[in-house]
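Okay, so here's the structure we're looking at.
Just so it is clear, A, B, C and D label the chains in written order, and each chain counts residues from 1 on its own.
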Amino acid sequence: MFLLYLLLLFILIGALIAVEIHNLLSSVIAVGTIGLGLCIVFLLLGAPDLAITQLVVEILVLIILIRATLASSMPDTYKGREFLAYAVTILFILFFGGFAFFAFKSLPPFGEPMLQLANRYIYEGWQKTGATNLVAGIMLDFRSLDMLGAATVLFAAIVGTLVILRKKGRKEVNERDEPGS
Amino acid sequence: MIVGIVIMEYAVNLFLVSIGYRWGGVDPIIEPNIYNLTYVSPLPQALVVCTIIIGLATTILAVAMAMRIYEKYGTFDITKIRKLKG
Amino acid sequence: MSGMSLVVKVVTRVTAAFIFIFGCYVSLTGQLELGGGFAGGIIIAVGYILYVLAYGKSEAEIETSKEGAAVVMCLGMILFLMLALLGFIGGSFFNNFLPKGQAGEIWSAGIIPLCNLSIMLEVGAGLYLVFLNFITFNVTVREEKE
Amino acid sequence: MNHWLPLFIAIPLGGAILSLPLGKLNRKLPPWLALVVSLYLLLTALLLYFIKSPEAISVYRIGGWAAPLGINLVLDGLSQMLLLVVSLIACLVTIYSMVYMERYTGKEKYFTLYQLMLVGMNGVVLTGDLFNLFVFLEIAAISTYILVAFGTEAEELEAAFRYLIIGSVASLFILFGVGLVFSVTGTLNLAEIASSFPREPGNLRTLITVLFLVGFGMKAALVPFHAWLPDAHTAAPAPVSATLSGVLIKILGIYCLIRIFYNVLGVSPQLLYVLSLLGLISILVGGGLALVQWDFKRLLAYSSISQVGYILLGIGLGTPLGIGGGIFHLVNHALFKPLMFLNAGAIETSTGTRELKAMGGLAKKMPVTFITSLFGSLSISGLPPFNGFWSKLFIIVACVQAGRFWAALIAVLGSVLTLAYFLKFLRYAFFEKLPPALEKVKEAPGMMIGVTVTLAMLCLLVGVFFPYVAAAILNPAVLVVLEGVKP
């Protein structure tokens, strides 16, 4: 339990650094620490499936982010945000956090979730799907439409990067047969 | 030149904030699954896998757009930046 | 782009094979242990990326592998959809139409391993494609600047 | 008949995936594939009305799993109506883009993304599961971000990037809300949440309400969160802005608000008050800002904000007439706003400019576009006998009936504003003197004209045959929403 809080603190510090640091590359690396810390948190919470997905996703994101950062050769200039923006942000966070704190009191306490549905999955799931990994059973059998959706989102994003990184967006005027610009 | 970089930086900052926030947003879903008597509840995990994938998709898209914007504003005339007004 | 030093190349040759095997293992045993198509696919994509970074590729090679990756990505997606539609013909959308088998064995859980396989193809090829695009895009930007 | 429901998702998805390899083989194929797909969707959506009574609710179980374990697809009156509207607009816009998208490269990718957007919208409308709704919402949203940036010019990229940032923040709000709902009720099925979600007000309930309101409000571009919309609409290619304004913001924003608040979480009088207040602010701000625009796509974009305000005002009244008016206005807006955007695209194709100041006298040069624009403008301003008249009338009468005279007054004022900025648009674009630069302007290509004429005729027909339309399509939808208002 102590370890968990320590890790959460670590993630929080990492997030603060990532947002506030001036150098873009350091910021990206701080994002990496957040992701890896999160991976260990997942492991502690009994979700190894998530941990492995998070780990590989984080590695890939880091590769792409560093690639982008190095390519754009950004200098360290940083225009400080104004005091007013800071004040508004902090006020908003305080207000929202306080509100959420009171709201969370009426949630089921940590570690004692609503279990009627989860128990049905746990007791019936592996017999019905034949998968010993319950998470895979849920992802790809009970809730396979979600998985199809997630795969489609990724597909859309991949096509999107192809679209956005095209060399040329519009055809030249003489390539078209219509009049106009 | 500087203006373009500031915009870019602003954008990337926002984008990092959104990453940072995403984990905060995901966490409450994971909360219910700790220290069950026998197993943790598998349903939230299945959901979080989907959200991680969606987050990855959004991230690569945002990086692609940011790079393209950088290319446009890094090489084009700076006075034309901020063409769009709210 | 050119490759890296000899040490990197040799080490990559050894590790890349392991990475591929591990990726396939993770995605194909998703129904038994942890892992699944997404994780496995990303691992395979990372393996390819490592290979490309270490050995380097010419422009033409990149173009051809882009084509191939796009085809494999579409193939994976179509396979996934076909599985869903086959279930649709057999009763309902995403019906688990194959025999469930003995839980705990490799060929169990009906269509889940097949789904994992198709997701692996889609994710692996797709993310590799994205990476290749990022590389080539950087090259064009630098050329424009110079 | 139940078995048709998953096909609404699977067919466009298949079309989207196949478009990429087919485009490599032959560049002509993907548009025709997209056309076939959207025609199929339109036909099945129409057929659903003949083989099934719209009041009945049909449920399809994905994978054969019963409700709390698996995901359900649910078709009721509201979703049936929206399916029809989405397929209609998608079909017409596909025909239009076959010509319009000639100016961009990567046409097959455009059609892929367009069909993915359709997948997302159909999925959002059909699904009966909270998390699945979020997933489909993301599909639609992500493909829209890309479509907005399709031209990859600086302006478009910046608009798309802003849209992406705001859209992902909104998604995170929604996801947070979904997580909270799940941890309270322990289930994700919408019907089960409706029965087990605690009805009594409390901090948690308020928090969830605020999260969903802000999240979907950002997606629907209500006024405090509208910053992305004018840029995105202006920068996107005309068919995309037509879809974006015509159906997408309504499906992602308004429909989700209705579904979640009215049918799942239940509404309170305070929430209704907030909704109608947001609607009023949107009407005024959108209308006022539209009046001062000189870029006509931007004018249309602000007009969208204002019209979405009308929809929300009607729904927020909570009376049968108000909800009827709101939903009818939703349908109407899905007809005339794409019409206006497609006309704008036609003008842009012909003249090459979007500045109102740079054009004029186009009435002689582009007579058909002029007539359809006239129809659209009159309809959107709420003049009889067009369809916009009925819905605005309903909303205003409902305001008066509910005793909110100031709301009725603002609605009338908004209507006058609408008329004013569309008169401005008509005057500067079509009358005045023809600038010398535009002497050689020709009418837009035939397919584009055909689409706009169809939409204009639909506007007129829906207005004239209003009672039949209401009986066949609107009433079942209104009944679904009214379920939630009952105490």
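The rule we apply is simple: contacts are C-beta pairs under 8 Å (C-beta built on N, C-alpha and C of every residue); 3 or more make two chains touch, one makes a residue touch a chain.
Nothing here was measured: the structure is a model prediction, and the numbers come from that model.
Compared with chain C, the chain whose C-alpha mean position is the greatest distance off is D.
Set side by side, B-C and B-D show the greater C-beta contact count at B-D.
Spacing of chain B relative to chain D, judged by their CA centroids, is 26 angstrom. Distance between chain C and chain D, defined via averaged C-alpha coordinates, is recorded as 36 Å. The centroid of the Cα atoms in chain A and the matching centroid in chain D are 28 Å apart.
Annotation for chain C: residues touching 2 or more other chains are 36, 38, 70, 77, 81, 84, 93-94, 96, 127, 130, 133-134, 137, 141. Taken residue by residue, chain B touches two or more other chains at 31-32, 43, 47, 49-50, 53-54, 57-58, 60-61, 63-68, 74, whereas all remaining positions touch fewer.
Annotation for chain A: residues touching 2 or more other chains are 49, 53, 57, 60, 64, 68, 71, 108, 113-115, 117-118, 121, 135, 137, 139, 141, 143-158, 160-162, 164-165.
Chain contact topology: the protein chains form a complete graph, every chain touching every other one. The residues of chain A lying in touch with chain C in their complex are 48-49, 51-53, 56-57, 59-60, 63-64, 67-68, 71, 126-133, 135-137, 139-141, 144-145, 147-148, 150-152, 154-155, 158, 161-162, 165, 167. Residues 36, 38, 127, 130, 133-134, 137, 141, 144-145 of chain C touch chain B in their complex. By the touch criterion given at the top, residues 3, 6-7, 10, 13-14, 17-18, 20-21, 24, 60-64 of chain D touch chain C in their complex. Those residues of chain C that touch chain D in the complex are listed here as 67, 70-71, 74, 77-78, 81, 84-85, 87-88, 91-96. Residues of chain C that touch chain A in their complex: 26, 30-36, 38-39, 42-43, 45-46, 49, 70, 73, 77, 80-81, 84, 93-94, 96, 100-104, 108-112, 115-116, 119, 122-123, 126-127, 129-131, 133-138, 140-142.
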